[in-house]
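Below, each structure is written out as structure tokens.
Presented sequentially are two complexes of subunit A, the first with subunit B as partner and the second with subunit C.
Take a look at the complex of A and B:
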């Protein structure tokens, strides 16, 4: 097990390094530089050169890269070109919102997806199962911003059940603030869950159907075990394994979806920060945000691998 | 772990609930109100005006910031010498008046004596001198270019500032007066290197409102300055201005309709103005633009270097149809390169090139172009039209232009790309025709210098024009301090550009700003989406309804 954990750790570190390097070079391969967007109005070439010097972008690429890695090892993500603030502070300011949004959506997807997937598998071929299949396939085709805007228009503007954008009513305090927080969270979470839920429940359903046809389930039935025990104890335990991998992968999708969701819902998370930083070519903020998201996804996937290994010892071999 | 999984579903539910609580708890612990000054949040008497903006303030240092949305907030805090009024003319703000001395080599501003910083100190000439010298020293923002001619600055008394120039430059006072923010010397001089000064807390301003708290990603709360002389009665009627962030303009429109905000800082897209038709409380205020949409021809292209080709292209774009279909009627035609909003400088003798593809085709044929294969298109007369694809209006114009130019025998290739790529290409001259929109020109002279001088001082001579005639005309006009002669010279340049068809003006857009008229009234709109309804002067005039 120790060797397995070590190898997973090494792979995680390697993946993060590749992500850092790719992010660094891809951003600089994009046409234009941070001063390009400032070109409108009067900005002489000398001023642009001075700005590039200030940003350290006049140095050779490899020198910038080495310097960036060195700073990164010291926990320094650099200073935002636009905001003149440490990137770490900017990210930490936004991270809790994204954690709240993506984390809640993740948990709701699992909490709702598991019973739906299991129910559809147990009642396969019936109307509920068919509805799930249709929704699962439809979920793949849903575009997060469209879902988000529909929810805003109907549940927010027309019915007035939920606020239009934002994360909290800033004038509330104490319990009212928590309530406001939850109230503002509903639509963004719902838009992410609607997109994620179908495919997740569908995967679980497929796994469950396969597992429920296994000999050991039939044997359990012959032993007189109740249906719910057969399904929930013996069936789900085995069907959950592939779904577990999907959950890890879905975290990345969730985080990606958060960029669009946060933009539509004016939610102040890392996703929206990325949206704004892309428009401004704010390399340090983009690098910091992408690295942070990459690390999150790598950690989630590594944990999934480890969990998988705990649940299924064969894969450690 | 396997034991955990083998438990009953009830345990699963508990675990999920626990997880949710943990996430909420973890997140909630740092989801607090943001940074800012320590003064209280009591809005006192008066109403709170809530304005929608599209993004966070990226830089609180007004000497350095280049962002439009930053300026909405910063301009309400830091006064300018001059402002632009509803008719695009300069009006007094901190400066009561200005004049030129010494044959135009000295610009003298006389300041009001009743502006006060929120810490109680008066706004004086030394503040203006310090602001300008700081910008020059660190080459900050886009104002540094406007101070190019300054040799020295003097503040002989508290209300007089003299800028000594290396040569006369007619619109110097207007340009610097409008663009330069005045900061409190006694606060900023303590910050050391001002190119690295974030100015992100404990704000001291002299505008009608001053930031109190800034919660990144959420809102910016500005408190009224009770001693603002340009507000009726000496203080704004609105006690607090709150900027709320909506990156998506559709969400912002919903928020306005829902009563979450009272004013959209950003204009309503032309295609969406009908959304508010049935909403009695929402009013749309139309304002002109200080820029305009145009097609500009790269003179390094051997065909585009020919006047008749540029004129034929100008005859191949149906600007009336563009205005009615793309802008849904929300724009005006232009003839020369000066927006009609600058009525003193717009040469009204000029007429737009008529939309006449057949005439354009005949003109090209008589210029010697041939259609060898008979496909209706002239041989080798193919151009790429570059544009920023995030500008939906311009992208649509390019499609229409492509279709109509084909009728004139000109083949156009749509090269609309992502904004940064587009700007990068225009910067390096990698285009044939540039289809874009100038943002804000506060005066025609700066515009002509930036767009037609061979030395390309502003980096936006997209024609890449090197014309001795134009250089001479522009340099001569720039040094003319007699107002009447100056106007005539601008109009003459307007005529030359039109005849040469260096560019084809497409339209000058009308912006529409939406606000909740059942709650507030008294906005004073200024042209452009930079100014709109959110200038310091406008916010100081706003009052609650009833």
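Take a look at the complex of A and C:
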């Protein structure tokens, strides 16, 4: 067990290190002087040189890289260009909202996707299965802002069932606040779930059909186990494992979708922050947001892998 | 020796060898296309893709390039403005038609970049063990990272234009191609005819380009279609966040305009039509790719 956890941890650290290093060098290799990114308008060469010295940008690249890594390690993401405030503070302010949104969408997709996938696998070739196959392919073609705007217009603006923006009503307290939180969460989560659900359930169905053809399922049948017990108890456990890995791999896409959904619904997470930072060309915020989201995805991915190891009867930790 | 190894390859891998010039293999490749277009969903999606290309090429003939302001502000769809107008009085139909150009150019060009990079890395990984160790780690890392925030960060620094967006999207789309090509390449590398070529003294370069590459070409066709459909979505996403080419119309930009001018709840036509355009193009490319994949590997047809 310790060995598995350790190797998984190493892989996570390696991924994050590569992400940070690639970011650092890509941004410096791209055309454009950092000072032109920082300040608008004309600057005298002396002012530019002074600015470069202040930020340590006149030192050799590798020295800058080492100090950049040291600062990041201490949780320092730099200072925002526009809001004179540490990027770390801004990000930590926004991150919980994105975690809530993406985490809820992740769990809802799994919770709804599993029964749909199993039902389609058991009723293979019937109409429900055909509908799922169409939706599974169609899901790849859905553009998150399109779905989000559709929900916003019909369920939000026209019918007025759900709020069309924000994350919480600031006037509410206690239980009412929680209720308001959940109420604001519905449409952003639904946009993400609708995009992810079809392809996810379709993969689960394919896994399930494969598992149901295995010898041990036939053996269970020979032992006289009921159909529902065979499917839900023996089959599902083995079909869920690859589906879990798949969902873990989808986390990057899920976070990308969250950036777009948050933009449509003015949801105060990291995604909306990215949209605002793009408008203001606030590079330290964009860089920090990417690294923060990358770290989040890698940690969540490692947790999924650990869960896989715990659930898989073939792996004895 | 050459023709014999080809025969084996066609027999065992069941990959259509499109580069072959001798008569028997060409006739073996032809029914693949015929079978492919016999599927209704396949020819339908190929037709849709063809129409989209015509729309993109003929955009100046179909609609005047949108710009400036017009008298008809926020009009719903009518005979005069098929898809309605936006808050500046510009025709949405013209915007969607001109946006087709950007989406198609970026989709095709970015997926070609991803195809070249992904095929090179995938084939080298499949044939050379030491490359595989590094290649797999890099591919896994790239697949694990949230690509959209990464592309946003880079697109914000460079001056956004159709070409910089193409490069950014293409450079981050190769890992999926590399993974597909590598897994197929590993199967081919393990085949006896590769050992045969090696015994005959063929160089590694010759084996990779002449023996393994032809066996993965059909898979490359599939991945170019699937990658292009993802590239279209990526471009729409970047444009929607304000990182599109300011001089080119794009479906994502139409949605951004609706969002910025706050008319999402009123002007349904401004969000519906570009959304449908994205849906139709991406769906057509995805279905075309998936159907080609079915025909490529006959073993999958039963399942």
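The working rule: the second predicted complex is superposed on the first by the 264 of 317 C-alpha atoms of A that agree within 3 Å, B and C clash if a C-alpha of one lies under 4 Å from a C-alpha of the other, contacts with A are read in each partner's own complex, and residues count from 1 in each chain.
We adopt the following convention: a residue touches a chain if its C-beta (ideal position, glycine included) is under 8 Å from a C-beta of that chain, and two chains touch if they have at least 3 such contacts.
Bear in mind the structure is a predicted one, so any value in this text is a computation, not a measurement.
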- Query: Can A:82 be said to touch subunit B (first), subunit C (second), both, or neither?
  - Reply: first
- Query: Of the two partner chains, subunit B (first) and subunit C (second), which one does A:230 touch, if any: first, second, both, or neither?
  - Reply: neither
- Would you check which partner chain A:157 touches, where first means subunit B only, second means subunit C only, and both and neither mean what they say? both
- Query: Is A:184 in contact with subunit B, with subunit C, with both, or with neither (first, second, both, neither)?
  - Reply: neither
- Should A:205 be classified as contacting the first partner (subunit B), the second (subunit C), both, or neither? neither
- See if subunit A has more residues touched by subunit B or by subunit C, and give me that chain. B
- Item | Which of subunit B and subunit C A:18 touches, first, second, both or neither | second
- Identify the partner contact of A:149: answer first if only subunit B is touched, second if only subunit C is, both if each is, neither if none is. both
- Return first, second, both or neither, reflecting whether A:264 touches subunit B, subunit C, both chains, or no partner chain. both
- Message: Looking at A:103, would you say it contacts subunit B, subunit C, both, or neither? Reply first, second, both or neither.
- Response: first
- Message: Give me the intersection of subunit A's contacts with subunit B and its contacts with subunit C, in residue numbers.
- Response: 30-32, 37, 145, 149, 152-153, 156-157, 164, 263-264, 275, 279, 281
- Task: Flag every residue of subunit B that touches subunit A in the complex, lowest number first.
- Result: 1-2, 5-6, 8-9, 12-13, 16, 19-20, 23-24, 26-31, 33-34, 55-56, 58-59, 61, 66-67, 139, 142, 144-146, 195-198, 200, 215-219, 244-248, 250-251, 254-255, 257-258, 260, 419-421, 423-425, 427, 438-440, 446, 450, 457-460
- Note on the structure: Within their complex, subunit C touches subunit A through residues 137-138, 140-141, 143-150, 152-154, 156-158, 229, 233, 236-237, 240-243, 252, 255, 258-259, 264-265, 268, 271, 274-275, 278-279, 282-283, 286-287, 290, 303
- Query: Given the complex with subunit C, which residues does subunit A contribute to the contact?
  - Reply: 14-15, 18-19, 23, 26-27, 30-32, 37, 137-138, 140-146, 149-150, 152-153, 156-158, 164, 209, 249, 251-253, 255-256, 259-260, 263-264, 274-275, 277-279, 281, 283, 286-287, 289-290, 293-294, 297-298, 301
- Quick one: which bits of subunit A touch subunit B in the complex? Just the residue numbers, please. 30-33, 36-48, 50, 54, 82-85, 90, 92-94, 96-97, 99-100, 103-104, 107-108, 110-111, 114-115, 145, 149, 152-153, 156-157, 160, 163-168, 170, 178, 181, 232-233, 236-237, 240, 263-269, 272-273, 275-276, 279-281, 307, 310-311
